[in-house]
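Below is a structure I'd like to ask you about.
All chains are identified by letter, namely A, B, C, D and E, in their written order; residue positions are counted from 1 within each chain.
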Amino acid sequence: MVVIRDIIITGLLLGGIFALVSVGLSLQYGVGRVMNVAHGEFIMIGSFVTFWLFGSTIHLDPLVSILITAPLTFVIGWILHATLFRRLMDTSPTLDVFEGKSMLASFGLLYVVQNIARIIWGSQNYQVMYLNRTVTGAQIPLNRLVALGVVIVIGVVFYIFLARTRMGKAIRASSQDPTTAGLMGVNINSVLAVCFGLGVAMAGIAGSLLSTLYAIQTSMGLQYTVIAMIVVVLGGLGSVSGAMIGGVVLGIVSQIVTYFQPTWTLIAYYLVFILLLLVRPKGIMGK
Amino acid sequence: MNIKRLTPARWAASGLLLVVFIVLSLLPTLTQGYLVTLLTDILRYVVLTVGWMIFSGPTNYMSLATAAFYGVGFYIAAVFNGPLPFVAVIIIAGAVSFVMALVVGALTLRLRGVYFAIFTFALTLMVTSVVLEVERVVTGTRGRFVVTESTQTAYYAMLIVTIVTLVMAVLIRRSRYGLALQSIGQYEEAAAHSGINVVLTKVMVFAASAFVMGMAGAIIATRRTYIDPGIAFSLNTSFWPVLMALFGGMGNLVGPVIGAAVFTYLGELLLTRFPDLYMLIFGVVLILAIAFMPRGIVGLAEQVWGKIRGGRGAPA
Amino acid sequence: MLEIEGLSTGYGRVQVLWDLCLKVEEGEFVALVGANGAGKTTLLKTISGVIKPWSGSITFLGKRIDTLHANDIVDLGLSHIPEGRKLFTDMSIKENLEMGAYPKRTWKERRETMKWVFSLFPRLEERAGQLARTLSGGEQQMLAMGRGLMSKPRLVIIDEPSNGLAPRVVSEVFDILGSLHKEGITILLVEQNVRQTLATADRAYVLENGRIALQGSCTFLRESDHVRKAYLGL
Amino acid sequence: MHLLEGEGVTRYFGGLAAVSDVDFYVDQGEILGLIGPNGAGKTTLFNLISAALKPKPGRIIFKGRDITPLPAYKICRLGIARTFQTVKIFADVPVIRNVMVGALFGTGHYVSSAQARKKAEEALEFVDLTPLKDIPAGDLTLAQQKRLEMARAIASEPELLLLDELMAGLTPTEVTEAMSDVAQLRSRGITVIMIEHVMQAIMKISDRIIVLDYGKKIAEGTPEEVAANPQVIEVYLGEECDA
Amino acid sequence: MMQDEQDPKTTEESSIASRPVSRRQFLKYAGLAGAAIGASGALGGILSACGGEEETTTTAAPGTTVAAGPTPPAQDKFVIGGARPISGMYAMFEQAHFGPAYKIWVDDMNAAGGINIAGKKLPVELKVYDDQSDLDTCMRLMTKLMEEDKVDWLLGPQSTAFLFAGAGLAQSRGYVLCSAEGGATTLEAEMAKGSLPLFFQFLNYSNHYQLPVFAEIMQELGAKTVSIVYLEDLHGIEYSSQAQLFFPSAGIEILSSTSIPFGIKDVSSIVKKWQGENPDVVCGFVYPEQYILVLQTMIQLDYNPKAYLAGPGGSTEVVYNVFQGAADGIMFEGAWSPKQSPAAQAYYEKFIAKVGDKANVDFWGPLIYGAELEFIQKCIEKAATLDHQKIAEVLRTAHFPTIMSDDMFMTAQILDRSCYAGQIGQWQNGYPQVIDPGAKRTAEIWYPKPTWKEAAKSSTSSTT
């Protein structure tokens, strides 16, 4: 029983982390159709900015540093979309072509971002030690709990943003039918750039928190991109709530497998993913 | 029936091709050393890129499983080279990749667009993890020593596989199956209603492209002394052929060949001249190429040539 | 109000519209009829900025709009109610209407405008919280029209509103178009239902193979053999 | 025995019946017209016959054989070819090779490339596209693309041809030409089912007409019978509203 | 000079498991190629190429320009080349452990006027390519360095797997390969077979010294039980399997041995398992990424074994700093300590000056590499030639004093155990100490290690 309880609790916490690294990608693909292979690189940027601020003289609290990483990464994302991806959109005859090209372009982006970071921060492992204790009484690591909390907050805030605000509604409308949204007066290009920026900002926030959870190094990005891809496909591409559910599913699967045989964990990820794609290609939440 | 289409330009092209192959086949006697190694590597990417193009070019299915098929070939060579003759090993490697692609293709080719790309991507990762775990459990270690072949043996083997790949690519392109593939890529539904067995065609050609990838893997493995799953199934092997094809231009077969050659050589040049900045420059070049050269080097050349000839550029 | 001159456009390499001229005066109710594939929808899409013209000009309220993006054209007071409703099916009726009022100019007044729209389509008000996909075909068309009116347009261009609707509902749609027209809204209507269209509109253009084949008052066209033959098979 | 026969053919899309319990048949050498308002289920019925969709429930029988479970390419090879409402040509492929696809793969027996080319040329001749045979199909006008689809279908040597809005967007002269093409098809022994909005054409050329509305068959008979049917007039032509 | 030339049949790849290529086989390929091209000319070309194959295939090795005897070489510089992981997953090793050592050596050499070959001082040039931590690229670049650039000396590649592949490659090209970075028992077996006469191993690793020494330490401390976690990579697999050999024979029981994959994101179930097993010692044969996760989880769950042995990277101050001193008392594979000797202290300061940040200094490798390069240099100078075969002879038998040891020498192509500064280290108050039994020990062992809280409190870690 204790084992099952542990698996569920740690699985949930891990699921929160997985959801955290995935929501941004889900948004980028869901609205903008960019399967951003460089997603993990922006997580890395968030991590290192947080680490840098933490280590600097102001010794900034990692949670507070989100206030810096989020806008910073948002602007990077916005600019990238307004230049690179918009150009690809304009020059691609069909959506399929755009999806392929944007995926490959983001692969180039991966190289660029990662290597700029390597030149700045080197190749060492670092981590921000923050809240590295458990909630008294229960064996729940505080930093993971905070991460779960943040992803829930992001989820709720984002939900409210989508449901209540003018821009949020425009994003939803654009993801369902961009052409008609344009007929309503929505400037699709700016919505897409904002969405891409938001996706990158979410990666930045995830990075801030990850820097308190795991060793960070400038080559860490791809592994998180892969996790995010799996989670996002599990939950259904483009669904933010799907990313949450996909994250939790993967987290619990991961903990069950780790309990029995840790080296099968990754195999289990891919297996779950591959089976789901074959059985339900649109994901758990997909229509 | 093709004879009437052999215009003087075609004769010249064929002649040039023949000269190129004669030079390539004589090369190891003319020069010894690194050039042969480099050429083997370039030819490897030509095989992978053209192999990838055979299927993904006309159908627009972006396969990222190249590393899986290539890696399987790699592993076959690690296990069987030595006990079995090299030629047999290459053929077995191709055959195993072929069978694997048949199974994978039958399962996945109903997925379209980005789903297919992600699936093949995950497949490569999964094969890596599984092989790694099998090695750990069965052999108690991670990698294997490979019975090596000499530089020249590998070079000639790769040259032959390259020729096989190119011939296969041309034959498929010219044959009815090339037309079928093209139809599938343009309008899968209409292709089915015109009597094309869409599933079988896709799966067979997918498998055929995996065949040459497996062979290329087996040859390169014998140049590596020691291999492990991380080496055999490097993700770069999946992405690079796609980028090379895009870089060279996907319109015809010349594009991927040029793309692979230029890409590999350029990479080498940057890698040795600017080891610190190499990947950064590479990434920038890649992005610029995708954004500004939608039809690759060949497309660009055609456009420039068109402008020179009479101000009328190739249609955009 | 709307003036199109020498307009040519198409998809990819295929030309659909050929050197087309069309005019809609303030307060008019103009219909555009023609066979499937004649280019009616393409024309509307070009007017509203979804498709870029190859050549020619489109002027709306004295302003060239052929170079503008769709979202800027809405802002000027031209609303396009697309074929097949194109509702945001995962959003509620209220939200769909709000999307209609998306331009900054109208967003602030969206509550008042919505009251007006609800008065036109009382059934929508009853179901304001429901998802758009749960509506029946007729209600969906009402919603699409309501949404199109939320931007307080001076000119509404509307594409095949009767498509797939039961006859009773079709007449309802035409009634509403009529009353909108009476409220002073200029209308450019594309329809297959020629009989009813010609009965409601003032003036009509007949589009054939991407060119204007015929134009004139509706009464005239109703008597025209050409129209009768092409559309009614009589 | 009818050439093609459908029994209780039904197909739902998310709770809505696109085609609902339709029985139909067509005999050798007939031209059957299929009419109805937009969204009445005509194209869905074509999709069910050509196996783009499977009827649930329902059966489709071709020359006495139940073809319901067969995949689309086999249906084509058995001799049922079709065109599409929204053209589905291979846009980057030259016109002649578009047609060769039908000849090479659609006939159900081996055809050499040379034979296929010859057949394709004949088919193009038939639809008057011979001068354009070497340009990419995407460069044709929509009307030409429709004809190209017909050529591709003919090249697969069908016994039954499903024509979906062949005449959409044609000028009256072109409609007349298209009508004579269809008549010629019949003289070649090809049975035709056609969906058409151009009434004057379909009324003139069809031997028999089926009217669909909301997925249901509401009328069937000769053109005269159908044209006189008050229900048809109401649903199809819209309520008479006297001004 | 070249082994290959004596036996042309084995061609170039004489080393690990090459197979001669028969003429018959080649004819087969030629036939195939010819058929494929459809041109008899090409067939002839391949046939003649085939003939070429049997004549000579060896490449110009660096020694070929040098005549026998102590005649100075004609060239005017000494190029040392390597394919190194400047980017990718192994880049941290190049950045902190190895790269600086090479640069220091080159600087030192050039400051002294260059390397002295038979009385002629040649300035040293360092040529480093980025292998992107990719074995394929690494092998190609090593080939390029040997065949095209014809460098005078070759640096070993980074990481065990690369070394496996590189050893055979260098052997086949007649190059001496001295490796510090990685190594494993499998390769040792090949060396024992005599198939790698040009390969020399400097770094201490699992069976050859570290685990036996650790077993001795545990015996001394009275530790009876151990639990192991290891990474599913060559290093982890190697160390865990060697532990299975050495620990039981020292009377230490292995309670569990858990393998984990790269990219694992939660190890709490493993730590909880240890809590249940309660071993005296936990060994973590993992890289920093997993080491940080394991340690962090242990701190969170407040699980504190009496001793913890960390794998590669546990010896860097960067990783130590992550825990802000809480890692005090952690033992690590290594090891050396600046306090050991004035030479070690001097080298430590030089190293800091090179990497710019003392947090980046590693206490496993650098001193060994410094000593290795010094040793090699002395051997080359003694050989007074650039002929690798002759240098190898000197390497095999020479004794030289270096910064690490007064008497440095190879035993069966592996650096002798007595020459190392140490095998196992321990962080004490933010300072690395060698804890090998005997004279090399620089401080008493902290056993049991302090609790996480104590350590964090008492530490005078360099971060503060």
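As a convention for this text, a contact is a pair of C-beta atoms (placed from the backbone, for glycine too) under 8 Å apart; a residue touches a chain by one contact, two chains touch by 3 or more.
This is a predicted model, so every value here is computed, not measured.
Undergrad: Looking at the contacts, which chains touch chain D and chain E alike?
TA: B
Undergrad: Taking touch as defined above, what minimum step count separates chain B and chain C?
TA: Counted as steps through touching chains, the separation is 2.
Undergrad: With a step meaning a move to a chain it touches, how many steps does the shortest path from chain C to chain D take?
TA: 1
Undergrad: A-B or A-C: which has the larger count of contacting C-beta pairs?
TA: Counting C-beta pairs in contact, A-B comes out ahead.
Undergrad: Just curious, how far off is chain E from chain A if you go by their C-alpha centres, in Å?
TA: Chain centres of chain A and chain E, defined by C-alpha means, are spaced 37 Å apart.
Undergrad: In whole angstrom, how far does the Cα centroid of chain B sit from the Cα centroid of chain D?
TA: 42
Undergrad: Round to the nearest whole Å and give the separation of the Cα centres of chain A and chain D.
TA: Distance between chain centres, rounded to whole Å: 49 Å.
Undergrad: Identify all positions of chain D at which a residue touches two or more other chains, and write them in rising order.
TA: In chain D, the residues touching two or more other chains are 91.
Undergrad: Which chain A residues touch at least two other chains?
TA: Residues 114-115, 263, 266 of chain A touch two or more partner chains.
Undergrad: Which positions in chain B are in touch with at least two other chains?
TA: In chain B, the residues touching two or more other chains are 129, 132-133, 136, 276, 279.
Undergrad: Per the touch rule above, enumerate the chain pairs that touch, sorted by label.
TA: A-B, A-C, A-E, B-D, B-E, C-D
Undergrad: Which residues of chain C touch chain D in the complex?
TA: Result: residues 12-16, 35-39, 160, 162-164, 167, 170-171, 192-193, 195-196, 199, 208-210, 219, 222, 229-234 of chain C touch chain D.
Undergrad: For chain E, which residues are in contact with chain B within the complex?
TA: Residues 11-13, 15-19, 21, 25-26, 28-30, 32-33, 36-37, 39, 41-42, 45-46, 48-49, 51-53, 56-57, 59-60, 84, 86-87, 128-130, 132, 134-137, 139-141, 143-144, 147-148, 161, 164-169, 172, 186, 232-234, 237-238, 241, 259, 261 of chain E touch chain B in their complex.
Undergrad: Touching chain B in the complex: which residues of chain D?
TA: 50, 52, 71-73, 75-77, 81-82, 84, 88-93, 97, 100-102, 104-108, 113-114, 116, 152-153, 156
Undergrad: Which residues of chain A touch chain C in their complex?
TA: Going through chain A, the ones touching chain C are 93, 166, 169-170, 172-173, 176-177, 179-188.
Undergrad: Taking the touch rule as given, give the residues of chain E at its contact with chain A in the complex, in rising order.
TA: Within the complex, chain E touches chain A at residues 87-89, 91-92, 94-96, 232, 258-270, 272, 288-289, 291-293, 296-297, 299-302, 313, 316, 318-319, 322-324, 360.
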